[in-house]
């Protein structure tokens, strides 16, 4: 099958949707020209679709959030790029209060088909204002969907689904994944929102994760296979609303759970997943639910210090070993 | 370009309908027949009524929290308004949003929001749609909302993109318990437009013809591609909210003066100009009365929602 | 002992701190005059302390958040009122990115002694933009403290501790509690940040909660006592960082946990508490961890619909009965 | 009120120190000896150097992301700057913040932030403190940051409260890959002040004496209680970030012209005026060289932090 980089697959998904539907447009800071945003995701789009559909803006995140809601409410399909994840702090009202409540509070009359894309710029040496991860901020927002792909295939399929979706979607990318290569079919396809994906089957432990975490988990699974431990890797893909059935099934099978995610541990996405399991699947568990996540320390601008607070494959391995002990 | 006599009578009728609607709302709230948070635009009726004669049916309307008058002036579903106030299933938002979230998208009217200032960003988004569809946006908010940063971000973005948006400020010098001297720097809100190379003007917001004239001029320019303009209408709200009715005319003598009462003022004007006669006035008031009566009956006949109504309407598509 | 309303105790705490330390000041929208904010919390403060220490502002939440950080960094102790809880969406960057990281990222050199007070305006008929509860938004913010009192005594003691604290504190009140009366000593006292409080001892079930939830829990405990069920009510008081020892001890004693809070269930504060227990105390558990929380539905402006989505004492009773069955 | 010869030489030395520091930073980054995100102010040195001679030692300084020059001009710990760039424990933030979070509160200087525009709100908070302590605030940001709403909220609040704040805009017509014509409406940023009844002015930001004169005038007014003023300095940055060095003079011919190089321009001026002689110049350059050498040695002698350093410094008090 065709091999593609994550960033190219994602872009291809957006291009297909823009060709299909003239009401889809892109807006954000420095997204135009041949640059196409700091990560090049929208590279070349302006050339094909023009300045009216690939709209450059000032540093005005609040207005960008508002534009998403307003353009969606009045019938277009905006795709907003927020330059990096820690700036999502600046659109919380627009997502949580405005977009999240609109369909319900309008009596089911005003859908809000908007996508806010951003990139969690992790593992770079740039300090806490650049390396944040605001995913958990949108976990307590009814009406909002939170989609986080881990592979080129999912990135393309999920961005297409997100653009077509009639509800507001926060779509989070992870900078270390952009260059990742993977299978991407030539034929059109969609990855449905709300469905998790078993990225690797296993029977002893389930690692529940999303985004970059998936790759840590897959690495850990491979490592542990050598020791005879069979690890299932459950990629949530849609983090809100998350796929409860998939979690239930996997937990029933393995009875052990590790949740891993790159954000700060306390109050992170993993909290909800663990709480759900502790509430609805506790009888299936034979061990504590472990969370492998970043330390609760603002990201420093220093390689050594980053080592001290961040997680990786090894930490997932350690957690699994602990559970199997 | 003064409105025709017919248009003026239309504006007058709209003002009366808003006035009558909101006084009824206050009355029923006091009696405990309707409940919730409600923000009347009593005293500001000239603005929605005049604007509605300036923009077209195909244009988009986005307001903040004090949007009830605009909802009515726009011709949004009047029966559904009353069903909404009564919290019934036939309310325009099925009884969910209440008076501060009135929205009727069949009329392209998002006339509700309760986070002050967020309408400016939303209107900017509507502006991109309007630009594509060849229509324009009328965006409305109180002077207090212009102290939110998103107002400034929106004006800048709309000006750069030359979006077809008429920004309308309902300047009533009050933000809940605050007055502008405590909160707001600069002489007039209209000057805030200048920072973005945008045209801005202030008019007497209790004077129908002044609003109409300037709004019509701006709308023409906007349709010709000028980009956004800003119209500040100086007015006075009689009361902040139905749960805080200190300033109603029955309480405050000054409010009874025609200057404070745009409806009375416009009525006087129409009579002096010979546009409004006694018999016409009677007929208009009867129209308004019937419309209200009809809507009240409609509302009261509408069922109360089931307590679980809507819990499956948080997402538009099942996940 | 002296009986006082919650709102008066809270105000008294702030007045004492303002008298004690001339660098404490209040700032917010409509907080001055005899009105003192929409809930009257700062009533009369302007009269005593003047307009320079009780500062009226425009509707400019972003600047208010910035003022908190800047005034704190340069050596004063700002107390900011954000008019109601769902507007906390507008200060997420200031709290999460700026205040939360400042002490750490300055190398432990710039403390940020600010308090942002707000009121979760629950159980009123006013729609989703007024009745939100953004507590969970600040749960994933290292460096931030989240304090939520449930009684007049705690309100006074905790606001004093929060003002004296050298870290940024988000202080959340609940409108239904303002008129609640309770014991408040004449003598000065402080309630330490970070310490939970057993509001009622019990041995069969622990209800972990905070804010208004405490009163639902206490009501439920009383109700169930009649049935011979002994309920322990653990009031977190400080929600971040939360008191892990207190939770551990109580769970070890009762082996059953209900967590109740008024916000939306998914991704709420309860998720973190449940996840912590599932991670560190699972061996002590004899039952699933139940969360009793609001439905994931934006708050409607309609009494009947609010009934359909909100929780109360009865729901806590039901959950406990389920655990005891 | 022109600076004295001594002050001018001081400004020149500061500019040279900034220039030398940042060129070294670029060089070491290219060599891979230091790493991370760094935003030089090359080409903009006139602004920090001139301002530092206008405000007092007791005043407060708050900048955005491009604050390195202001850190140096303010006289913040120079050795600690280099230890910071090397990520060592003696860095001004113990190697945690890096170049975009340089802050030295012993000098009342918060010269780091990476969320564009947030410095405006923070500076407003500092303004309340400054008002109480009888000092003032110098707040600095790029023109792009004035499109963030909080800029507007801050100007309005500072104007209402008559806070002693000098807002300084470093207008370099670039926001990463964007130019102002794509993003920014209105003629000049200085006019944005007018909306709040605040005085604003634009000066040639590569001209030391122009900046100095206008800033000194504003500072005097502010100390006399005028409330805030806004000074826009038109300049050009040579490069956006160390990881994107396209515009360095070695690459772009135009950058070698004195107009684009404020250091060269000021040097020429000082020579024409007879203030700077060859021997003085040598001495100043030697001072700068020694300062840099000393700092580099200091930095390299400082230990690399333990990987767990700071995980117990998230809160200032144990909980």
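Residue numbering begins at 1 within each chain, and the chains themselves are lettered A, B, C and D in the order written.
FYI, a residue touches a chain if its C-beta (ideal position, glycine included) is under 8 Å from a C-beta of that chain, and two chains touch if they have at least 3 such contacts.
What you see is a predicted model; the values in this text were computed from it and never measured.
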{"item": "Most distant chain from subunit A, judged by the mean position of its C-alpha atoms", "value": "B"}
{"item": "Whole-Å gap between the CA centroids of subunit A and subunit C", "value": "30"}
{"item": "Inter-centroid spacing, subunit C versus subunit B (mean Cα positions, whole Å)", "value": "37"}
{"item": "Subunit B-subunit D separation of Cα centroids, rounded to whole Å", "value": "46"}
{"item": "Junction residues of subunit B, two or more chains touched", "value": "95-97, 101, 113, 115, 147-150, 153, 156, 160, 182-184, 310, 314"}
{"item": "In subunit A, residues with contacts to at least two other chains", "value": "57-58, 60, 62-63, 86-87, 89-90, 93, 97, 104-105, 127-129, 142-143, 241, 296-298, 300"}
{"item": "Chain contact topology (line, ring, star, complete or other)", "value": "complete"}
{"item": "Subunit D-touching residues of subunit C, taken from the complex the two chains share", "value": "23, 25, 27, 52, 55, 57-58, 60, 62-76, 78, 93-94, 97-98, 103-112, 142-143, 145, 165-167, 193-194, 238, 241"}
{"item": "Residues on subunit A engaged by subunit D in the complex (per definition of touch)", "value": "29-30, 32-33, 35, 38, 56-63, 86-87, 89-90, 124-130, 295-298, 300-305, 307-309"}
{"item": "Residue numbers on subunit D that touch subunit C, as the complex places them", "value": "60, 62, 91-97, 101, 103, 105, 108, 110, 113, 115, 118, 120-132, 149-150, 153-154, 156-157, 160-161, 310, 313-317, 319"}
{"item": "Footprint of subunit D on subunit B - complex, ascending", "value": "147-153, 155-156, 159-160, 182-187, 191-192, 194-198"}
{"item": "Sites on subunit A touched by subunit C in the complex", "value": "62, 86-87, 89-90, 92-93, 96-97, 100-101, 104-105, 127-129, 132, 134, 136-137, 139-143, 240-241, 263-264, 266-275, 277-280, 282-283, 285, 287-291, 296-298, 300"}
